[in-house]
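Working notes, beginning with the structure itself.
Labels run A, B and C following the written order; every chain starts at residue 1.
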Amino acid sequence: MNEMRPDTFDENAKAALQDEVLRGALTKATGLFGERRTAAVEEVPDWEPLRERARQVKEEVLAHLDEYLPRFVMNAERQGIVVHWARDAKEACQVVVDLATARGVKTVVKSKSMTTEEIHLNAALEREAVEPVETDLGEWIIQLAGETPSHIIVPAIHKTKRQVAELFTEKIGIPATDDEKELTRCARDVLRARFAEADMGISGANFAIAETGSILLLENEGNIRLTTSLPRFHLAVLGIEKIIPTLADLAAFLRLLPRSGTGQHLTSYQSILSGPRRDGDTEGPEEVHVLLLDNGRSRMLRERVTRQSLACIRCGACLNACPVYQQVGGHAYGSVYPGPIGAIITPQLSGLHKAAQLPYASSLCGACRQVCPVKIDIPELLLHLRHRIASGEGLPGSDVPGRPLLERFGFKLWAWAMRGPRRYRIANRLLRWLAPLRVGPVRAWTAARDLRPPAKRTFRDAWRDGIEDPS
Amino acid sequence: MRVALFPTCLVDQFWPSVGVATVRVLRRVGCEVMFDEQLTCCGQPAFNTGYREEAARVAGPVVDRLDAMGVDAVVVPSGSCGAMFRHLTEVFPSGPRADRARAVASMTHELSSFLVDVLGRTDVGGRFDGRVTWHDGCHGLRELSIHSAPRRLIADVEGAELVEMGSADSCCGFGGTFSVKYPEISVAMLDAKLEKLPNADVRAVVSGDVSCLMQIGGRLSRLGSPVKALHLAELLAGSEGAS
Amino acid sequence: MSEDAKREILASIAAALASSRELEGDPPPLDPSTSRCAVPTIAATERLSRFRGMLERVGAGCTVVANLEDAATAVRDTLREAGAEKVAVSNADVVSELAQRLEGVALVDDLGDRAALLDCPAGLTTAQFGIAETGTLVLVSSAETHRLVSLLPPLHVAVLRESRILGTLDDALKVVGPDGDATEISRAITFVTGPSRTADIELTLVVGVHGPKHLQVIVVREEDSA
């Protein structure tokens, strides 16, 4: 697979549209998740107030992160958790590599973490001869295949059972099978051995609780429980935005997140972890560390509109609901964070100039906003980013990408033409003259659609002549 | 009631029969319809592409004119442009135009919502022979919460039968400049939607937005489908439109 | 390096928020009226049936027994059905008492012996609480050593007293929290709702991927048992 980057979205998407296997998988997955979500949400009579509550809690934390983050750190340290900080991806990787090598770690078991994907941690570990082993089944499949996840919740959504079976035969030498139970059993056996030998477990965190200094992780497979309890050293890597105020606040999020993500009323496991084992304990890691990552997040706090992107709880509902994602899938976005949420987060984290296409990769249909459990107004953010690009204002810490000349000139001309009846009439003539030439946007339109010809007599012509009632 | 018709630039330039039909329907329910040649475009194409300054330059005179017309309501035969009037407060965040934009936004209604929610009318005397299906325009549906109004209006059109296609609320893929920036994705989205278009003999896909209808109709026409794209106003006026 | 990073990140947060407060003002404080929204109340009399119904929904077994004697029988039956001749046991008193009544079953009770635990077909623990709303077991590490016993073997048998079944998630978070039963939050609080599951291959549900394939909950009704 060619490397896909956000700035090649158009080419990535075109390639994805040609991939029938991928599109079949996407239709099935997004359709199924959409139906399950709808059914799960209907069970909750107070869904809308619940979303509003969750939105408010997130905004409260983000707007006062200068208070909540230190509170989390203070309480975590009180529990014996060692807290590290990283300004960017490179620094974060260095912290992790240093911690691992100082302890002579050879093998790291990892549970699914978007944040470690964001900082490309696996590559950094491998460079230092530390072997990272992904343990979420989907992530492990992706790792064996040398690919990247295409969905937040189901990383290997783009792979068929047959492809997984072939991969397993090639990489771990199992006999050919098309039984997903057998494939899963093989994965369990292979990974159990890796868990048993690992010296370090690396996880993400879904929430970090300021009141208690705890982190909370949700999962279905049990690999997070293994990652955080078997190795003697557990490190959680999380963005600074993951804080919620109190343990009691978790209830709303626990009702929202699984229903939005997989349509479950609750995932199989939630682990609330608050530090290493104490004297007399016979289990639990001896060391628990937390790495807090900024990597562009703090500057997003500057405005309410951009701040709300940090409220995301990574449920994936907006991906499933997005008609663009449904067609092109996650890889096309060329980013760790795909779909509508990726289209707003990636340009803010990596810089507008590196992902300038993504804010435009949406028809602004608003389906994402409708399903978001924390009410992030993704269309508002898409419009905001488009404005910051088109106006040349940019974002803090980001270069401004240029827009195509034709577009800039086009809108200048359009704005001139739409001001006043006389110019408007000239524009109409121009349009009627230009449309049949099939150039520029007209050509793009007419490749697969007929274009309704501009009217010879406009509405205002009809009005001027007088509109009679037919009968 | 004195209403100003904001026909939208697309209706005016591409589908004037929708404007004419809207005038007839509004008159039929007892409205005095006003129009002014200054009413060109709400600024949405520029706003949605990020060009807020250009959007302001175009929408400014429209806001001023609508405010000065002294009407009781502004009616727009488009959910998308209707929703744009709400965004005008972002285009004009401060200054004298901010107040005018707010005032105009609060009296602006999409056609179906105006008929049903403001006037309380569902039977406006339309006639149509055959089955039709409805496409929810995204902005009307998700920004203006328009869902039942057009369905109730269609139900009361003599001879018309509404058959839901099962994908009424999925996006048609138009999305303004999106449709020409990413034409392949745009058409793929539309085809996914149209897959569910019932094979039953639906004569037309009806919608409240000419933008969606140009997308849907353009594709149906290219595929050689006999199914027509029809604006709600045309259905309600009883004239099937000159497409 | 980390000290520099900490200082710089906190400064960056402070600067961004100062700018936001100056231009946009402080956001409205949390509306206390929304804090209790969507919290169902489940009457004590309905908890067991709701708990049981939710367990069945997630594919877990649930046996309700009158006393510890019957619980031992239920555990034995469960182990026999699974063909488990060995069971790992946690250090809870109730578990020890039950273990004494499991004649013919080998006990693995060295909780520090990883290899033995990894090799064991079944694990027996108690659960500190149940949650009726969701059919969830709450395992609190300060009360019992059961993180691995409840996780490593393919069968997890959990014994729970009926009086410990709480109504909702909110109730559970309250009792395990700093203002609840304990003065300090436990190192590991685990909510368990059904068996380990995945749908990562073509979205087909498979149970028992990394954790237990079977979860059997035995609810003991008798109050003064144990």
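Operating definition for what follows: contacts are C-beta pairs under 8 Å (C-beta built on N, C-alpha and C of every residue); 3 or more make two chains touch, one makes a residue touch a chain.
All values reported here derive from a predicted model rather than from experimental measurement.
The most central chain, judged by the distance from its Cα centroid to the centroid of all protein Cα atoms shown, is A. Centroid distances built from C-alpha atoms place C farthest away from subunit B. Between A-C and A-B, more C-beta contact pairs are found at A-C. With each centre defined as the average position of its C-alpha atoms, the distance from subunit B to subunit C rounds to 53 Å. Taking each chain's centre as the average of its CA atoms, subunit A and subunit C sit 29 Å apart. Inter-chain spacing, taken between the CA centroids of subunit A and subunit B, is 33 Å.
Interface residues of subunit C, counted against subunit A in their complex, comprise 1-2, 5-6, 8-10, 12-14, 16-17, 19-20, 23-24, 26-27, 29-31, 34-35, 37-39, 54, 58, 111-112, 114-115, 118, 134, 136, 141, 145, 147-148, 151, 168-170, 173-174, 176-178, 185-204, 206, 208-212. For subunit A in complex with subunit C, the touching residues are 25, 28-29, 32, 44-47, 49-50, 52-53, 56-57, 59-60, 63-66, 69-70, 79, 84-87, 91, 94-95, 135-138, 141, 154-157, 159-161, 164, 180-181, 183-185, 187-188, 191-192, 196, 211-212, 214, 220-223, 225-226, 228-230, 240, 246-248, 250-252, 254-255, 262, 265-278, 281-284, 292, 294, 298-304, 307. Residues 7, 9, 11-16, 18-20, 23-24, 27-28, 35, 37-38, 40-41, 43, 45-55, 57-58, 61, 138-139, 141-143, 170-171, 173-189, 192-193, 214-215, 217-219, 221-222, 238-239, 243 of subunit B touch subunit A in their complex.
Every residue of subunit A that touches subunit B in the complex is listed here, in rising order: 10, 13-14, 17, 27, 323-324, 326-328, 360-367, 369-370, 383, 385-391, 403, 407, 411-412, 414-415, 418-421, 424, 428, 431, 440-441, 444-445, 447-455, 457-463, 467, 469-470.
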